[in-house]
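The letters A, B, C and D name the chains in turn, as written, and every chain counts its residues from 1.
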């Protein structure tokens, strides 16, 4: 696997990979790893707002829950949200991009103009509006994020398909009478897989950030869910005394997003050497 | 240049029209009845019906869309369901604050990013360069609302160096409105005390906001300069006897501006997004905090109006970016 | 070489030079910076809520006004009033020599115009009148007499009169367009006679309101030798920010809902005091009595005993609230003094739950509790219930929402959520404001009556209390109704608010009243 | 032939630092450029031609340095900097440079005028003190640039200054670069394969132009190429380089007619267009002035 070899040479990318591996493991075994699993949801108001100590590594929150355990369990929701959003956005964006890139005519044109419209407003703003129109809650926030992220996939796929569809092998397949659907799915799609993976990896990090922002604004996750953005929002009125309350969930976001970004950058450098940015 | 501007502007119109259609559709998906909401609590059915007719909510969809289109083109976004004030008027009052903040942040980001990026490229592979590279990845991974809170804890709450909130210290009268930008208006009025105060107020929010653009611009400047320094014309300029510092600044830097500048348009989107939370955290009386208020009060009309306005501002920022781009790189203007 | 390369650094250095410049002290000695929330718009006939009370009490006058705690209704613009024997005709006599801010004399016509305006716009404070007063019922027989003819007898009418600000008819009329009663104009202007005038030049909606003392106010200023000349009201959104701003002297007063966690910190500070006043503002968890399992009395009793009242009030709120076991604030007449209500006992709760289950109530389903996410206490309340209910096997799901969405949802029993958390503040000081509008089935469909509680006995008691003009008899009626509602465990009543407002020590003469929460600036003097 | 040498290398050794340690690129080069002559330097890519040019111009990359030997300019040694390169300033305006690829050598985002003015700024007008980075008289400078552009037979030179590189063809750009090399009216010009990126017709025109300029301005030129056809057309003398060494040197005719070194023979024989070389020999117009 030359790709893997090149990835291993890229120290930042390896760091990103290790961070993500650790986070995924944490997410899977969160309930086993968390030192005080009963204090993730259950309140213990006598021990509220305790500073970090050996009992509570990251201190406790306003309802006396263990912030360390909540941050660990929070990886689950963060990853679930990000993964669902990215997959949903992919499920919409990739077929759209394939269609618009390969077919031509007014419908294909319409798809691309649609992406223009969606991209005409910064993603967070549009997601806020969409989430607000749907009822509140995690599901609507996720749908809103996917609704506003798919154009990025559509664009990526569109550009790649445009590039490959004029290549010889596609013309040969057309000559052989392969159906357009078959060409698109069996031959073009594998060719655009790499940029999609890169986009998805970077999208994971981005989605974690955006969904945390939605949570912070009270539109995403709902209490008592240990959502990082929500925890930071809850912590605000206890500042600056209870500094730990907002610090650690924020660091969790930072590390996770950093992991995805490092890995995504590394993958992009390999997939598209023209775009080598960081070296 | 003029033709370029006009064509570029015309290209925006269909997109904005689509956006208008999108927000219109969204407005009609809203769970609450706008007429009932406008009528207020405990309103009678007749009153709701009156309002429905007054605002044309009883007409056919295309008719309603036409009305909406005419309204919006005239800058009238209707009445806020919450405050019963004109949304367009309130947005106009608040837009300068947001623009002042985002543009200041963009200035921080561009000036800082170009400097840091150039330094990192010139001292390629030094410890400074490595530090900068770490920053460019890390800066994009920080949640702006968290960073804002951290800055508040450190610089405002604990060290007490900078103000915590607001656009001016409480009790200070804003300068006479010319541009709506306090920094510029206070200078125009020759009021240095207000200028200094406004400057202190804007530092923390603008720093928070500029983090992402600073990281991005640094990153693109650095790689772009590294790439430019490999170019033949750099060797040629050196060979022709031009000193190295001159070759880097302005010659190589100007070449390297193209890729950071194309990023600015995208960055502006990020800036506006972050401005929503950053304004809410720093009590910055701009569009962002208006949007957050609208969300907290489920003021759909206001939310959609902000979406439209942001989309328009965003489109025009991108036009300006393209214009700057065409000035920096003369080849671009001829492509369009 | 670097000297030439990086002009950016020079600019950065320039910025850095400016930073250490301390902003000049901006607050002159007679100015007051008020750091509470500001009304969303300025028309007191359109918006009526706590932030509006601040604006209205300072810039407008009313016929009667509440003062003190517990609040007493006092003649203000009116000298006196009379009621006809049938309780339908109310006649108010106005004081002489009242002038508006533009110098025009205030007459009975202005009063009549103001009431008609409210009744026609049907917004904000109108709901307190619309059931019994029509615009035609308000007349001004002469310059100093206003007559109200009610369509049905309504005892709490007088209690509601202080809701209506008297506006300058002549001024508002010049700004009318399309029959809007000048509401577009009044949304960002002021046309009153109150102790302070409003300055439109510095007005920024929901951000800055500057008020200037009105020397010709009819009350005169003899009682206050050092009045506040200028009030600069600034919205400071986040409470922690507000507290810091107070500590640093940026503002002179916070809002009156300080988070209890911050009180200790303020009490330790040198130049700051915290005013603690028991108000009339009750917190409760609403239950939708029309929907299973909440239609089951045992289940409602179960939940009523599953809430940790003491833990919530004593630990989380650090004692800055008073347990209020029934619907009427305990410091208002009509609340039975001996009412015990429910207390936290998970064993009893479990037993009630089992009874409910035996009767077939579907208690296993997921129960939704809606909160207003912008209020932290609303979240905490739901979380306290959620955590303890989990222990007896109940699955409660928290749904964040907003006031606007919630009030829309309360229109029908099907859309009304299982439970929601809210406060009932003092709109007018009468039990009608609480139990009357909350548990009379006539009010079904409004947010105040969102329990969909129906009890014919309670309905008739409340209706009688509304007609009866003798307060002693009314008190007995309300006490009986309270006992019935509590026995039915219609809702989970939690506390009556202790309002906490941080003040700097320059402020003297702060007067708290549950109506206006102490925001009436005319009583305040500034220590020099 | 008068044997006064204007520029010569004496035992020049240059090495670069790589992963495998120091690697010698130039291994004792001895060369001399006679005043008024065109010296062709032939050799395959990788033989060290470009490094030689860069050494003389004083633009060696940071990891390269002169180990031994040096340059003589008009029989006076040229100082070497502590980092191991020639001090550019010591040769100053006496030396001009024509790069290989006209498509890449001009900065795409600046006007021709700006770029030429910059070169003038650091080299100075002929007859003035060497460039200090300041322009004395813009109008005078502009006239000088227009004169120089006219010398390379570009039509409408005033207009040329106002345009951007992408608005010119390859041949035109090469003329602009030649003009740039002439700005300071240098005594020596180094040309690094200036015609390889051009088509055959343009190549011919450029070579003709170079030849006439050399005689017009009295310039000595060092002309690097891998193309013996060009050498035979243009050069008075030739030096053949191979693997960092000069293997053969002498007058062009002599070397082509009777190559001594097997590598030279190999180079000449492998030329795809041997006929061209022979043809050039008979073309009197192309001959160097005696």
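The rule is short, and it goes like this: a residue touches a chain if its C-beta (ideal position, glycine included) is under 8 Å from a C-beta of that chain, and two chains touch if they have at least 3 such contacts.
It should be emphasised that the depicted structure is a prediction, and the values quoted were computed from it without experimental measurement.
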Min distance from chain CA centroid to global CA centroid: chain B
Cα centroid separation, subunit B vs subunit D, in Å, comes to 52
Subunit A and subunit C have mean C-alpha positions lying a whole-number Å distance apart equal to 42
Rounded to the nearest Å, the gap between Cα centres of subunit A and subunit D is 56
Rounded to the nearest Å, the gap between Cα centres of subunit B and subunit C is 37
Each of the following residues of subunit D touches two or more other chains, namely none
The positions of subunit C in contact with two or more other chains are 238, 244, 373-374, 405
Within subunit B, the set of residues that touch 2 or more other chains is 31, 157, 246, 280, 295-296, 298
All chain pairs satisfying the touch rule are A-B, A-C, B-C, B-D
Given the complex, residues on subunit A that touch subunit C span 41-43, 45-46, 48-49, 62-63, 136-137, 218-219, 222-224, 234, 236-241
Subunit C contacts subunit A in the complex at 238-240, 244, 259, 261-262, 265, 308, 311-312, 315-316, 371, 373-374, 376, 379-380, 382-384, 386-387, 390, 397-401, 405
Given the complex, residues on subunit B that touch subunit A span 14-16, 18-19, 21-23, 26, 29-31, 133, 136-138, 140-147, 149-150, 152-153, 157-158, 219-220, 223, 269-270, 272-274, 276-277, 280, 291-292, 295-296, 298, 300, 303-304, 306-307, 310-311, 314-315
Note: in the complex, subunit B contacts subunit D through residues 231-233, 235-243, 246, 251, 254-255, 258, 328-331
So, in the complex, the side of subunit B touching subunit C is made of residues 31-33, 36-37, 39-44, 47, 80-86, 90, 93, 111-112, 114-115, 118-119, 122, 156-157, 160-166, 169-174, 193, 196-197, 199-200, 203, 244-246, 248-249, 280-281, 283, 285, 289, 293, 295-299
